[in-house]
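Here chain A shows up in two complexes: once beside chain B, once beside chain C.
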Partner chain A sequence: MIDEPLSQGASLVHRRDPRFRLIACLLLSLAAALAVGPAAPLLVLGAGLVLTLLARLPPGLVLRRFVAVNAFVAFLWLALPLTTPGTPVTASFHGLAATREGVVLATLITLKANAVFFCVLSLLATIPAPALGGAMRAVGVPDKFAFLFLFTYRYLHVISDEYGRLATAARLRGFVPATSTHAYRTYAALVAMVLVRAYDRSRRVYQAMVLRGFAGRFVSLDGFAADRGDVAFLIVALAVAVAGGALEIVSWRGHV
Partner chain B sequence: MSEPLLALSGVCFTYPGTARPVLDALDFTFGPDERVGLFGPNGSGKTTLLHVMMGLLRPDAGAVRFKGSPAVTEKDFRAVRRGIGLLLQNADDQIIYPTVLDDVAFGPLNCGLSPRQARDKAEATLSLLGLSGFGPRLTHRLSGGEKKLVSLAGVLAMDPEALFLDEPTNGLDPDTRERIVAILENLGKPLIVISHDWDFLVQVTGVYYSIEQGKLLHDPDFVLHRHVHGHPLGDRHHHHHD
Partner chain C sequence: MHISEGVLSGPVLAGGWALAAGGVALGLRRLDYDRIMTVAILSAAFFVASLIHVPIGPASVHLILNGLLGVVLGPAAFPAICIALLLQALLFQFGGLVVLGVNTVDMALPAVLCFLVFGPLLRAGGKARVVGAFCCGFFAVLGAGGLTALALALSGEAFTATAKLILTAHIPIMLIEGVLTAMVVGFLAKVRPEMLSPGLSG
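Now for the complex of A and B:
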């Protein structure tokens, strides 16, 4: 069962219109991700942290996800400083030395990753999946993508249940996971069965849609209503993103 | 007799890659005031018959007529699907949206209702089925019985003139089953019900057919009787000795 513990809440952030949160997240993430210097990612990281605080998310969950993201970043720190060509800043060890450029690059990536992480955590993870699918359509994401997302969310549970039932059936008949050809063959068969059943199901689902008058075009209940708070929120997010861009341009000029 | 809702004549259907025809020159007329029970062993073609009538499968030979006009193309069958609602065996196949309200509104929106009308229609249908307040619930969190009722709401929200139900009581607890009986009695719409649940069939339908060797059999001598207690022959044809 996939829970969305972060999407439940009544904080200042949760109350914002999902469409506006989605656009704000996109703007801020772009401002952080496209930057070459550290100023814009730092600014966005600050905004993300503030939003995360405002969203009153459970600290334990935030920490767990923070660690997960930064575990990947840690691998970059193992490789990048040593492999980026530039001025060595440490003593050479068997011809390997950390370079200044490498450390700068790793720092920049760390800043960007965490800036985007906190924005996504506070702005996107706080939207329940069905509303996020609706918001995607409302802001002009092509129907195919939005429905791919909605259907995936809807049927992920069904497919994971199906896998669970098959795995239980295997266990009931004495299957014990092990490192053996037999175990690998069994797992391959389980996965294959899940795929075949998912394919069959997709055809039945399509039939059910056709039965209810589906003719290739999705129409949706428009359940969103924005107020002045949403508009103000988006303006602030836009301002932060533009400020990030401006800082970026200023730092380029500085270099030239 | 009033004009039949659906009429099949000489319908043949064989699944690709198999030799045995599932439907073999089958004739059937479904009137606007009929409540038909369809039984027979697994694989005898009951579901296939419903799918051919709804245009999900196209017959190899023979004709389907809806209210007197032939139904041949996809466009013809769109009219059939607006007139007749088919409830599939598995509610998980039928419920496509993550939330109940979106799902029930799917059919009305496809019929051209505005979002507001579709929302009202969905809410009215939910409350008709005793599911008021279910709108925002997540569909994958519903129990099996609730899923069945929600999928039925999705079909009824399109205001069909008739209902086809494919094994509607499979795996349901007695409470939900009784709710479905009550709902069908209240609706008073013509029905075709596939079921192995004789007690259910006798409660909601009045004419019984089975499919054997690809043909529809109607045995007027065969009368179902209601069982009030568990019975070792409950799911098989049998006669009671007086």
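Now for the complex of A and C:
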């Protein structure tokens, strides 16, 4: 149910320091998300596509994720051209007409959403979760938050298996999903039982950790080591983000 | 309930981040290392539970359970939800880092508010608990839908229709979440009453 095939690899992108990938992802996402014109998102989209190619991710998986993200965008395309006030460009149908402004806005959102998607895909999703926990601490996220993140991730698969066993047990006893009180009661019992088992497990894990001398600090064996390639990579990412911002300002001045 | 990247305006995104940072900081401050493992593993449990699809007529909806999360974790629901959303970005690329703040507030703020408003009912036992739990499930989803719609509406009048549509689509989900939350809380009260005690929720 939950795996992270994207974080495995030995490509140019995967070899970059996770801290630098996290910062680069943030910079590029910001440059794309805050833009008002199409120039900056286009630039970041280009960068994201190049990075995705460099990361050599499985194409089938990339396509599936791409479709999932663009489902929401497609939903906006249904509504936005009709609901945005402005000059109509199509014939009016029951008082509804697509406006030029609406189409422009929907295009901009499509560009931005996909620009950020490819950055997250190539820069963030390629970081294994444990390394992301460490990278978050390195860039100033509170220790407790990083700790919560690491252990939530650590037990995701365990709890997912636990739920799988309970669901199998329910099916074995003839449970069929339906819109009925009985089915809802069963779902509630399933959810509650997952929570009860998670709670009991958390007490045991905590006791085991205290027994082994846990005192609130989490020591990691993997350190980070940035080399010149990492620095160069971050400088390029920063340059793209700044270029996006500059394009934004130039086009904004042009309008005024 | 996600707003995807690229939709919201700069001020809304910044406001979302500011509120989320405040909520997460508050949730973390009241969370000591005694309870941190419980919160982490329960966050994982909620992440898994939110992947469950419940049939409703011919369609099916996935559970949100932010109200239940508030009931069990109290203010710690803020960091828990933020982490669940971060994991969704990491594992499924749903949403990104910029919109994370708004999405966290959308889901977590109603959860914590419901916990504060209906908490006393939950601990009363009997019928009051059922009503309190239903309200937590119902109003947490209503609040989440409302805040999502608000974030869209604040980003431009073009989104007003979309915002209304989102709110309407959530009405059946509110009812299901309310009923399921009431049932789950009833179950927990019988099996592990300490999970509903204020000691766990801070």
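Couple of notes before you dig in:
Quick note on the criterion: the second predicted complex is superposed on the first by the 247 of 256 C-alpha atoms of A that agree within 3 Å, B and C clash if a C-alpha of one lies under 4 Å from a C-alpha of the other, contacts with A are read in each partner's own complex, and residues count from 1 in each chain.
Keep this in mind: a contact is a pair of C-beta atoms (placed from the backbone, for glycine too) under 8 Å apart; a residue touches a chain by one contact, two chains touch by 3 or more.
Keep in mind it's a predicted model, so treat the numbers as computed, not measured.
Overlay on chain A: chain B and chain C fit together in the combined arrangement.
Of the two partner chains, neither chain B nor chain C is touched by A:90. In the superposition on chain A, contact is made by A:219 with chain B only, not with chain C. In the superposed model, A:133 lies in contact with chain B only, and not with chain C. Residue contacts after overlaying the shared chain place A:168 against neither chain B nor chain C. In the superposition on chain A, A:152 contacts chain C only, with no contact to chain B. For the combined arrangement built by superposing the two complexes, chain A sits at the apex of an angle of 70 degrees to chain B and chain C, based on C-alpha centres and given in steps of 10. Of the two partner chains placed by the overlay, only chain C lies in contact with A:198; chain B stays clear of it.
In the superposed pair of complexes, A:211 makes contact with chain B only, with no contact to chain C. More residues of chain A lie in touch with C than with the remaining chain of the pair chain B and chain C.
In the superposed model, A:8 lies in contact with neither chain B nor chain C.
Taking all C-alpha atoms of chain B against all those of chain C in the superposed arrangement, the shortest distance found is 8 Å.
Common to the chain B and chain C contact sets on chain A are residues 1, 129, 150-151, 153-154, 158, 201, 205, 209, 214-215. Note for the complex: chain A touches chain B at residues 1, 129-130, 133, 150-151, 153-154, 157-158, 201, 204-205, 207-215, 219-222. Within the complex formed with chain C, the chain A residues making contact are 1-4, 25-26, 29-30, 32-34, 41, 65, 68-69, 72-73, 75-76, 79-80, 82-85, 101-102, 105, 108-117, 119-121, 124-125, 127, 129, 132, 142, 144-145, 147-156, 158-160, 162-163, 177-179, 183-185, 187-203, 205-206, 209, 214-216. Within the complex formed with chain A, the residues of chain C that make contact are 2, 4-8, 10, 13, 24-25, 28, 31, 33-34, 36-45, 47-49, 51-57, 60, 63, 65, 68, 72, 79-80, 82-84, 86-87, 89-94, 96-99, 156-162, 165, 176, 179-180, 183-184, 187-188, 191-192, 195. Chain contact summary for the complex, chain B toward chain A: residues 51, 54, 56, 78, 81-82, 85-86, 88, 90, 92-99, 101-102, 105-107, 109-111, 115, 118-119, 138-140, 154-155, 158.
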